[in-house]
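Labels A, B, C and D are assigned to the chains in the order they are written; within every chain, residues are numbered from 1.
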Amino acid sequence: MLNERIKPIVMPKWGLSMSEGKVTGWLKRPGSTISIGDELLEVETDKITNVVEAGETGVLRRVLGEPGTVYPVKALIAVLAEPDVPDDDIDAFISTYAVPASEDDGEAEAGPQYHTAETPAGTIRYAKRGEAGPTVLLVHGFGGDLDNWLFTIDALAEKATVYALDLPGHGQSTKRIVDPSLSSLSQAVLGFLDAVGVERAHFVGHSMGGAVSMRTALDAPGRVASLSLIASAGLGERIDHGYIQGFVGATSRRDLKPVLETLFADRGLVSRQMVDDLLKYKRLDGVDEALRALSASLFAEGRQASVLAAGIADAGTPTLVVWGEEDRVIPADHAQALASTAQVAVIPGAGHMVQMEAAGKVNALLKDHIAKAD
Amino acid sequence: MAPVVGIVANPVSARDIRRVVANATSLQIADRANILLRVLAALHACGVRDVLMMPENGGIRAHVERGMMRARSRGEDIYPALHTVSMPVTGTVADTHHATAEMRRAGVSALVVLGGDGTHRAVAAECGTVPIAGISTGTNNAFPEHREPTITGLATGLAVTGRVPPHIAFSANKRIDVSLVSGATGATVTEMALVDVALVTERYIGARALWRTENFRELYVTFADPEVIGMSAIAGLLEPVGRDESGGLMVRLSPDGDCRKGVTTLHAPIAPGMMARVGITDWRRMPAGVAFVPEVSAGSVALDGERELSFSERDRLSLTLRDDAFRTVNVAAVMRHAGQNRLLTGTPVPVTAAF
Amino acid sequence: MSRKISMKQAINEALDLEMRRDPTVIVMGEDIVGGTGAQGEDDAWGGVLGVTKGLYAKHGDRLMDTPLSESAYIGAAIGAAACGLRPVAELMFLDFMGVCFDQIFNQAAKFRYMFGGKAETPVVIRGMVGAGFRAAAQHSQMLTPLFTHIPGLKVVCPSNAYDAKGLLIQSIRDNDPVIFCEHKNLYGLECEVPAESYAIPFGEANVLRDGDDVTIVSYGLTVHRAMEAAAALAKDGTEAEVIDLRTLSPIDWDTIVESVERTGRLVVVDEAHPRCNLATDIAAFVGQNAFGALKAGIQMVTAPHTPVPFSPSLEDLYVPSADSIASAVRRTLSPKGASPRIAA
Amino acid sequence: MAQNPFPLGKDELLKAYRTMRTIREFEERLHVDFAKGDIPGFVHLYAGEEACATGIMMHLNDNDRIASTHRGHGHCIAKGVDVHAMMAEIYGRSTGACRGKGGSMHIADLSKGMMGANGILGAGAPLICGAALAAKVRGDRGVGITFVGDGASNQGTFLESLNLAAVWNLPVVFVVENNGYAESTAMEWAVSCDSYVDRATGFGMPGVTVDGTDFFAVYEAAGEIIRRARDGGGPALLECNMVRFYGHFEGDAQTYRAKGELEAIRASRDCLTILSERLVEAGVIGRDELQAVDREVNALIEDAVRAAKAAPLPVAEDLLRDVYVSY
């Protein structure tokens, strides 16, 4: 009974390959009163550095994670409790805390980390989290993959069945893109939903994935319960030509790193691992062709070929638009294209990868929007 | 004076295109030298102390000399002394002609020849009455008989040392003389063949060897042995004619190897490993001393399997078979005689006892 | 999909994938199938250390055992490349280059230049390099500098399974002759490698570790020794940047110079003999092009000027160790770091 | 005109004659111009050996590959390499077959199946095994011909290639151009086994020796050997006994030759004379027709020399070009 009032803060697991993280610094002092969504500390992984937000309320009674020290996932790094919980109870809690479930056990419970589905467009890799509630589909952007939803998928899965897929030409899905158009990608997404037996889902699309989601809402309105458009393409013509060119053309870490820094408000978030992982993806056979074909078809000459805002406004699909204020790839003012019909949130201090840079805020918006639309 | 034996060993026989078209033998130089060493040992065993050899640059003599030197250094005295005809080496058939003539002049008692039909033909052209002991190292080899060269050496040694009477030791051979009178200049070229003369319609000499039958028109043979290889096999398989009977055989073949219209079709081993179907329109005996004028008006003449001469409509070609044209060592007869008279035992039967 | 496989498996997989992709790819070498013409099993060896094992079952006669006749078959691979195939010829131990070097450096390397740019020779010659296998002086050398010296050749030396696969695929697709050097002591080393095909471009060094205090440049096996040294140095507060060259020709000068301009200190590690090797080459280049950035004399850590010895006690002294690399780094950090030192 | 008794039609015979005459004229012109100091570097002349290259190359098409030697001009011309490009190359001009980067010893034209003259003796044999392997893998019935002199026939590369070609049953023809001299050393001394046919036999393939000064002898033997290789019959060796009219290289005083040797071979073993006499004697081609070819060839060579001398030299940026396809 006692433990219910003591709330452990543990090293989070961001993404399926994360096994440990380094505490880089605390943003709240011991004794602070914490509300849900408050930024508690910064954690650095080999992939990315991010802020851990509070998921509970209480007083920060103990800070255990030492800055500069690496902790395994789920290790206890702080304790939240109401002021009336005795210190002895908290000490007892800490001394008996055991890191629950080792990595292997966790995998065994959750099943394989990634799945593949055979679709008319080819093999599609996806991840699935959660068992209940509304079905949500996460659609990444140009050059991305399902790990772009590192900080999103588990948060949404608390109250939904969440799918995240790799679009054709991306991640570990087929690299073959027959027709580099939004319609073709939308068809591939619908084919994926058919393959996993989902009739209708809440679409969450980032960047190009937002445009794919909009295309799907227009072509197959019955299958799109709602739209959440994050830094989405398809809401205006502008897009940073230099970013697209640079991303497609980069073959070395030296070339790619500055390009990736464009994606974030905080350039320091681009880690060596993130660059290496993207280079490894870009070296795969077929990726270069796929990216070139898509960029030529969708973003030629630095202009977006498809602007779907008007159609979406008319269609009446419940829509959320989220943007990072400092987005240097697609300008944040594109958010206003749907201002009259959608909920629009522009988040300060975040760039194009707003769902990673301000995960807590974006996740809260998504949960709220999906709950309302369902 | 002890008899001297001449040796003509051709280093370049069995090098022609039939190695490619028909898997024909190519006897290595080192093996030719080994053959020669065996012959030399046999001659020495019969009392021959000196041999006179044709010089060549093909390596045979160098190998032979090395073998003899090794025997000497082991203290063995099993070879006769080896002398070389003093003459320039051209690497062509002229060397054989030249060396044979020199040996004849030097008075050799017999000529041991290593080569094919072509080499024997070149020797026969110059050897006069000196008997030939042939050893086959060539391709078609209808003329030299096949046997272990040691035996040929023994027979030659026995013959030249007088231990076998000449009428047994030596036999007469036939040949066909070919005469070609140029229509343009009036000049006459004469050639000869020991076994066969083949007339083909193509006029270029090319790679010399004869292995295609489609242009083959006429065949003249001194003997027709069904056991031999080459164009003369065609005659042998139609009507055998012995080496020791008078006259030969003339065969006409159908144009372009046509085997259909009323002609006799024959399968014959015209080269090693090559069975050919030929159409025969006619064949008849070729008596000695009668000049034959062929029907083919232009083409080339292959002598013992190699194209040598070409002729046109303006030229006049005639062929005449001659009996008793030159002599060979009759190895079979010599050895039979040696056995019957125990010539190689410690106490040979007196020579006269054989009669 | 990514999974852990060894460098040996990665090379096998690269050959398999490229043979599937491109029918002009053929693979030849001594015993790469094994047992050809013998009475026992097909595919008896799959290479002397089993690198090509199993490929014969998948690709049949496109895997060709050769006579022990390097001049002839390396030359044949080069001739076939000049006629439109993409042969991968295994030279087993690259030490054997001595008997076929003419075909490599006078023929393959020169065709394009000598023929006025009208020839392409997309041949890959792969073989084992490096000491530590108790294989003695004629099966253990790091002869990479000899190949690197020759214009017209490209020289690759991966340090891990991921790089080996991507670099070998690039080598096969490359239109120039490539010498692909496989350190025999890395064959068993595993790392995450995608199952798909991918190519790593030439001339791009891999920065394995970031650091601001000193730059350590190496390739092949000694990259791992450099990483060990860097880990040890980090405990003392020295952060070393470790650069794995991956390809020696072309070489990524930019990454080296940019790093040295930041750290001001350079240690070059080369398993080759000390004279005219990659270490001297890089040291000279940095001395010429980034002298102003240097805070200390450049240190070179190499094998000694001796043949590779046989006895384990000697061979273990032969290959540059993590300790010797760390010591070299410390020399660059000491006040006397800039003073000249004559290498043994 | 008389009936043609030859295995080639009149046009083909004229082509063979033209090829041989072009080689002769090309080489004799180089002999003169080299002595004048017009030509840089080494040149090795093929004059006297024309029947061999021509008799063999008449059986080949652009898909068949040849690997040549340092004495490669004749092989190039017979294989169809452009004479102007060759001459410009020998003069070191940017219009040369190799843009002035190769010179006499490295003339190549892969589009014609000419894989290069080669300054390394015996190096062509392994390469042509590879070319033949490529043809075999593709199944395109191509053959590979490698030329080697009697001297380089002692190279390990050549002997290893005989073995490899036999083991892999490659469509390769090994042509030994036996002109009697390895540079200055006599073949009889330097070649231990005395007979190339023996060498071939020792490596499990047939060997044939022909008179290399007789175009028809070479043509016919090469035809059989090449057809056999094309049909999958495997490798073979063809020895052409021939004569070299000039020294090993230009400037060689040839003091190793016997007195009167050169005069004798020029008088009796000139393959061009032998061919033209036979053509005229057979009444197939008139002497006037041959003389017309001679005049055309002479004009061609004259023009090639004029164009080569007028052509630009390579410039500084060419120094660094074409080391790699990409780097």
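Here is the rule we use: a residue touches a chain if its C-beta (ideal position, glycine included) is under 8 Å from a C-beta of that chain, and two chains touch if they have at least 3 such contacts.
Keep in mind the model is a prediction, meaning the values are calculated, not measured.
Chemist: Chains shared as neighbours by chain B and chain C?
Modeler: The shared contacts of chain B and chain C, listed by label, come to D.
Chemist: Determine the set of chains touching chain A that also touch chain C.
Modeler: Touching chain A as well as chain C, we find no chain at all.
Chemist: Using only alpha carbons, which chain's centroid is the nearest to the whole structure's centroid?
Modeler: C
Chemist: Using mean Cα positions as chain centres, tell me which chain lies farthest from chain C.
Modeler: Max centre-to-centre separation from chain C belongs to B.
Chemist: Ranking chain pairs by how many C-beta pairs touch, which one is first?
Modeler: Greatest count of contact pairs is found between chains C-D.
Chemist: As a quick test, compute the distance in whole Å between the mean CA positions of chain A and chain B.
Modeler: The mean C-alpha positions of chain A and chain B differ by 97 Å.
Chemist: Express in whole angstrom the distance between the two chain centres, defined as the mean CA positions of chain B and chain D.
Modeler: 37
Chemist: If you average the CA atoms of chain C and of chain D, how far apart do the two points sit, in angstrom?
Modeler: 40
Chemist: Using Cα averages as centroids, what's the distance between chain A and chain D in whole Å?
Modeler: Each chain reduced to its C-alpha mean, chain A and chain D end up 70 Å apart.
Chemist: Take each protein chain as a node, join two nodes whenever their chains touch, and name the resulting shape: line, ring, star, complete or other.
Modeler: Drawn as a graph, the chains make an open path, so a line.
Chemist: Each pair of chains that touch: what are they?
Modeler: Touching chain pairs, listed by label, come out as A-C, B-D, C-D.
Chemist: Quick one: which bits of chain C touch chain A in the complex? Just the residue numbers, please.
Modeler: 1, 21, 162, 166, 194, 196-201, 204, 206-207, 210, 254-255, 258
Chemist: Along chain D, where are the residues that touch chain C in the complex?
Modeler: My answer: residues 65, 67, 96-102, 106, 108-111, 115-116, 118-120, 123, 125-131, 133-135, 137-138, 144, 156-157, 160-161, 163-164, 167-168, 321-327.
Chemist: So in the complex, the part of chain B that touches chain D is made up of which residues?
Modeler: 11-12, 14-17, 19-21, 23, 26, 28-30, 57-60, 62, 91, 201-208, 298-300, 310, 312-313
Chemist: Sort out for me which residues of chain A touch chain C in the complex.
Modeler: Touch list, chain A to chain C: 114, 172, 175, 251-254, 272, 280, 283-285.
Chemist: Report the residues of chain D in contact with chain B in the complex, numbered from low to high.
Modeler: Against chain B, chain D makes touches at 2-3, 5-7, 188, 193-195, 197-198, 201-202, 206-210, 214, 216-217, 219-221, 224-225, 228, 236, 239, 241, 278, 282-283.
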